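Two complexes are shown next, each including chain A; its partner changes from chain B in the first to chain C in the second.
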Partner chain A sequence: MCDAPAMPAAAPARTRRTLVPNKCVKCKSAQPRVAVRQIRYCKACFVQASVTKFRTAQSKVHRPVGTKTMVAFSGGAASSAMLRLVVDFQNAWRKGTDAEPPYAGLVIGHVDESALFPDVPEDAIRAEAAKTGLVCEIATLEDAFALDTPVLATVARGSDTGSVYAQLVGPADGMSRKARLAALFAGLGSITDKEDMLEIIKTALIADMARRSGCGAVLMGDSATRVAVRAMALTSRGRGFSLPLDVGAEAQWFGRMVVQRPMREFLAKEIAFFNRWTGQQDATVPGFATGLPKSVSIGRLAEAFIVELDRDFASTVSTVCRTLQKLEPREEARTARPCTLC
Partner chain B sequence: MADTGAGDEQLKVTVEFGGGLDMFVKKERLQMVDGAKKAIVRMARQTGGKGTTIRRLIEHIGEDYLKASTDLFCTGSTLRPGILVIINDADWEITDDGMDKYDYKLQDEDEIVFVSTLHGG
Partner chain C sequence: MPRQCDICQGARAIIRRPKTGQRVCKECFFRAFETEVHNTIVDNALFRRGDRIGIGASGGKDSTVLAYVMKTLNERYDYGLELFLLSIDEGISGYRDDSLETVKRNRDQYGLPLKIVSYEQLYGWSMDRIVEAVGRKNNCTFCGVFRRQALDRGALMLDLDHIVTGHNADDVAETILMNILRGDIPRLGRCTEITTAGDGYIGRSKPLKYAYEKEIVMYAYLKRLDYFSTECTYSPNAYRGYARQFIKDLEAVRPSAIIDIIHSGEAMKVASGVAMPVATTCGRCGYISSNAICKACALLDGLERGIPKLGVSRSSRDADGAPARAGGAGAAVEPVHFERLRERALALRRQRLGGAEPEPCDAAGAACRCAGTECQ
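Here is the complex of A and B:
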């Protein structure tokens, strides 16, 4: 019995990362400034680790060669961080000589929500998008009435499907689009329904912009915290069936378009620190439940549930996200999903 | 000179409200400091014979600085989950071993930032 030559070399034993007490886990010399998932980083190492994490995740993603990518940008913290990371990745790659750039082309897609929320700092958001030098497609919410293919969307449960549908796709009757939008939302009873409708319209507008500008992939800025909250809210509303499509790391929309959520690697806390330490400006984009108690909508309640649980059990968000990753959509869910385009 | 006298008993900290929290703060309490809206908070240096903690600062803000419903910021001295605290550019969760983050003793000229991570992104 000869064992030595035939045996594959044993994998080197994983050594535990040496820790220097009260120092950054990476450089082991600087004072830590932030603790994420019980790991302490100094400022420089934290920013570097975030950039590396994003790039590693993005390089593993398969995108068909030559596919342009749309970065969905609301102006909020997560999508601002995502835009910065994407642009930074693209610029860093250009310096290399032999490889393809990470993105064949980049377009920003922004939905102007000022028709519903006049407080949105729209000028600042557009200025932030313009800083990148990329082409920025902008749609307003009221453009939903002017889409080439009307928004054939499911409407939230409990609402009068027929009348909402009629308002969305019916003739204008001399009403301005803004007035129709206001009437549409005024007709929805609960804040949950309003949030749902807003989400549907925004998704349709982003998809439409992506299609018109020839993008085959869309990057959405849902953070890990947001993904966990949405998963909880959608499950509560009986939408568990399509969960992998709604919050998965990568999903196919409308047959051809790929939707990715690269920011789901980041907790809301990491995004806040990243933006602060890189000087990235972000805007506060209000929603229907902003400033209201947690019982006003299912989404708001799910948010309170997740963040309150996360306070006592620090890995709640990561656990929910990891579990979600294991979900595979069934074929029926893929095909039965109401399509907002076709 | 009156200022110096007051300074001996009171400590001064600068508080910034980010991520939309400034909406809940009374307008007159905010002023432009270094290009950002901040509140200058003066508090007693000692509370009950001990150094004033961030717990007391949160209570104080809840009592005096907020417009109406304070539970969107804090309940008593407990901060609403989802709000981050940055003390002098460092996460407040980094504390000496075993110390409660709420027991951080405020120092003169501390810069405290409260950032809401909710309904963002």
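Here is the complex of A and C:
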């Protein structure tokens, strides 16, 4: 007769985590220093929990086999934290073991926005990227006029789409790219439209860099807070049909290229504490609405709305993120032909 | 220099339409507003000739405009509809009693028959008493759940085919945002539909779904309609307040944002793997429900047992831990079963079609023949 202990009839009931009053929820000995979604951590446990959360999520996602991954890096808080977490994860892989490394190869993709925002600390951002020792692809915003694939330039070649468009986006004689960029943005009336255009150009540039450097996946640094804000702003701009593509955790936007947003597991607050406690440098990257009242653009309004709401109803951001996971893009959004202009 | 109307190029423009940016004169505005509602009705095939339509009338600006426009369009385009005003008396003194006076004046002004059903009559609880038991917080849950059902009950009492409500574009946009914020996926899918099935017998629709609140107010003001404009005396819903303010701010930045949100909501698609609640009927009152007992019955049960948090709070501790007060807080009216209401509605229809007058009910209690629709 088998003398192995009998299997328990049913799985043991889940017990509540034991809490020690006024102590960290993990180690139960140190003083808590931060509360995230009403759970209180000490410094060391918080950093460890963040790293574990990131790695667990990253090891579950599917990436095209054998292709490199591009880390989109703007220099801001979220993408700096993401860069650090990704690099640490890759370095933690023990060479000589059978296990595959987390990423087949890493490339940093950075868009230099100094043509529009001269205050961007571009040198510091590039230095931060160089510290990692990875290859860093850099594109400037004005490069949007030199792309061979979708953006702007293709139409200007007098393609069959019509000469009207060609005139619309064709270069004026002798105008430098920088001047064209300035003219493009000066021509847009509202800050909402400017933000929209900037986003389109940045996305196109990152996709182009990824394609040129042979990456099959792009990691974008949108935090949970950012995702919720963007979801509200996109909904208010009538783009509900493509929400899952624009802010989903994983989306196939550009043909076979996968876009992932690993930082959507983290609130903006968590990222701020993570950077501070790990000594990660981050830069303040200004936008069109920086420093202006909330009523200047839809994006800024959505940000103020979500931040205020999340202060009073703590689970707002995570609920919005969960809601988005339950949506899927309409067929039209998947099969839509690229816009002639952008 | 005064600007001319963008449409007729003749009269002086008095309003800039938020939806189109056009500056229009009074007459062109009326015509455009009414034609848009007419197009909404025709494009979505909301009604059939001969339908008996109940207009949910609260006396506020939306329902007053809806009643006026429905009556006007019914005559102008010969829809062949029989219109009724259907009001719910929640029993909020200092608010509903005054607004019902407005509805009564509307009844006389528009010559439409009016039916008022009260919470007191249907459930044995007025909102004033519910607030006494529940407190100022969360009482909107009771009011909203009861009202939804009360409208269907009222419609069955009148044997209506369809109910129209005065929800405007701002309301729909607000609801879409609220459902995203609360993660209410089933409602997110439903809230943008112009017609909902109701309890499976009576359809419901929102003919003003694409009309901006601003235009409705302008319409009511310029037509000098008689409406009641006071906020409910019980605390406004804080969460909804945020969404409402956001919509107003958005409208200031980009007036088309409201209609954009509605289009966004209509285009959202729930992923195929997401579990959705299955509609069934309440075991107690026969109303459509996703649980064995519908929300209204669960709330009533909580009120009766003196634990009003039952059915409101998500925490089971609130319901289980709270001791039931001896005897409960009130003596309720057992809500009439929907099956009986439907039978009565069918009988009314047969009698109407057969030309005979419906038999009056004069015997409350066991001998009642009207399912509580007349004798109570």
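Going forward, the second predicted complex is superposed on the first by the 303 of 342 C-alpha atoms of A that agree within 3 Å, B and C clash if a C-alpha of one lies under 4 Å from a C-alpha of the other, contacts with A are read in each partner's own complex, and residues count from 1 in each chain.
What we mean here is this: a contact is a pair of C-beta atoms (placed from the backbone, for glycine too) under 8 Å apart; a residue touches a chain by one contact, two chains touch by 3 or more.
Note that the coordinates shown come from a computational prediction; the quantities given were computed from them, not determined experimentally.
Enquirer: On chain A, do chain B and chain C fit together or clash when superposed?
Expert: Here the two partners, once superposed via chain A, fit next to each other without clashing.
Enquirer: Once the shared chain is lined up, is A:Lys28 touching chain B (first), chain C (second), both, or neither of them?
Expert: The answer is neither, since A:Lys28 touches no partner chain.
Enquirer: Would you sort A:Val285 into first (chain B), second (chain C), both or neither based on which partner it touches?
Expert: A:Val285: touches chain B, not chain C.
Enquirer: May I ask you to decide whether A:Lys131 touches chain B, chain C, both, or neither, giving the answer as first, second, both or neither?
Expert: Touch partners of A:Lys131: none, neither chain B nor chain C.
Enquirer: A:Arg256 in the overlay: touching chain B, chain C, both, or neither? Say first, second, both or neither.
Expert: neither
Enquirer: On the A-aligned overlay, A:Arg276 touches which partner chain: chain B = first, chain C = second, or both, or neither?
Expert: Only chain B; A:Arg276 stays clear of chain C.
Enquirer: With the two complexes superposed on chain A, say which partner A:Arg226 touches: chain B (first), chain C (second), both, or neither.
Expert: first
Enquirer: For A:Arg311, is the partner it touches chain B (first), chain C (second), both, or none of the two (neither)?
Expert: first
Enquirer: Look at the superposition and give the distance in whole angstrom between the closest pair of CA atoms, one from chain B and one from chain C.
Expert: 14 Å.
Enquirer: Overlap the chain B and chain C contact sets on chain A and report the shared residues.
Expert: In chain A, residues 308 are touched by chain B and also by chain C.
Enquirer: Spell out the part of chain A that touches chain B in their complex, as residue ranges.
Expert: 31-35, 40, 43, 74, 76-79, 221-223, 225-226, 263, 268-269, 271-273, 276, 282, 284-287, 289-291, 293, 303-304, 307-308, 310-311
Enquirer: Taking the touch rule as given, give the residues of chain A at its contact with chain C in the complex, in rising order.
Expert: Those residues of chain A that touch chain C are 190, 192, 231-232, 234-241, 243, 294-298, 301-302, 305, 308-309, 312-313, 316, 319-320, 322-323, 325-330.
Enquirer: With touch defined as at the start, can you tell me which chain C residues reach chain A in the complex?
Expert: 176-177, 180-183, 185, 188, 238-239, 242, 246, 249-250, 252-254, 256-257, 259-261, 263-272, 274
Enquirer: Report the residues of chain B in contact with chain A in the complex, numbered from low to high.
Expert: 18-20, 23-24, 69, 71-72, 81-82, 84, 86, 89-91, 93-94, 113, 115, 117-121
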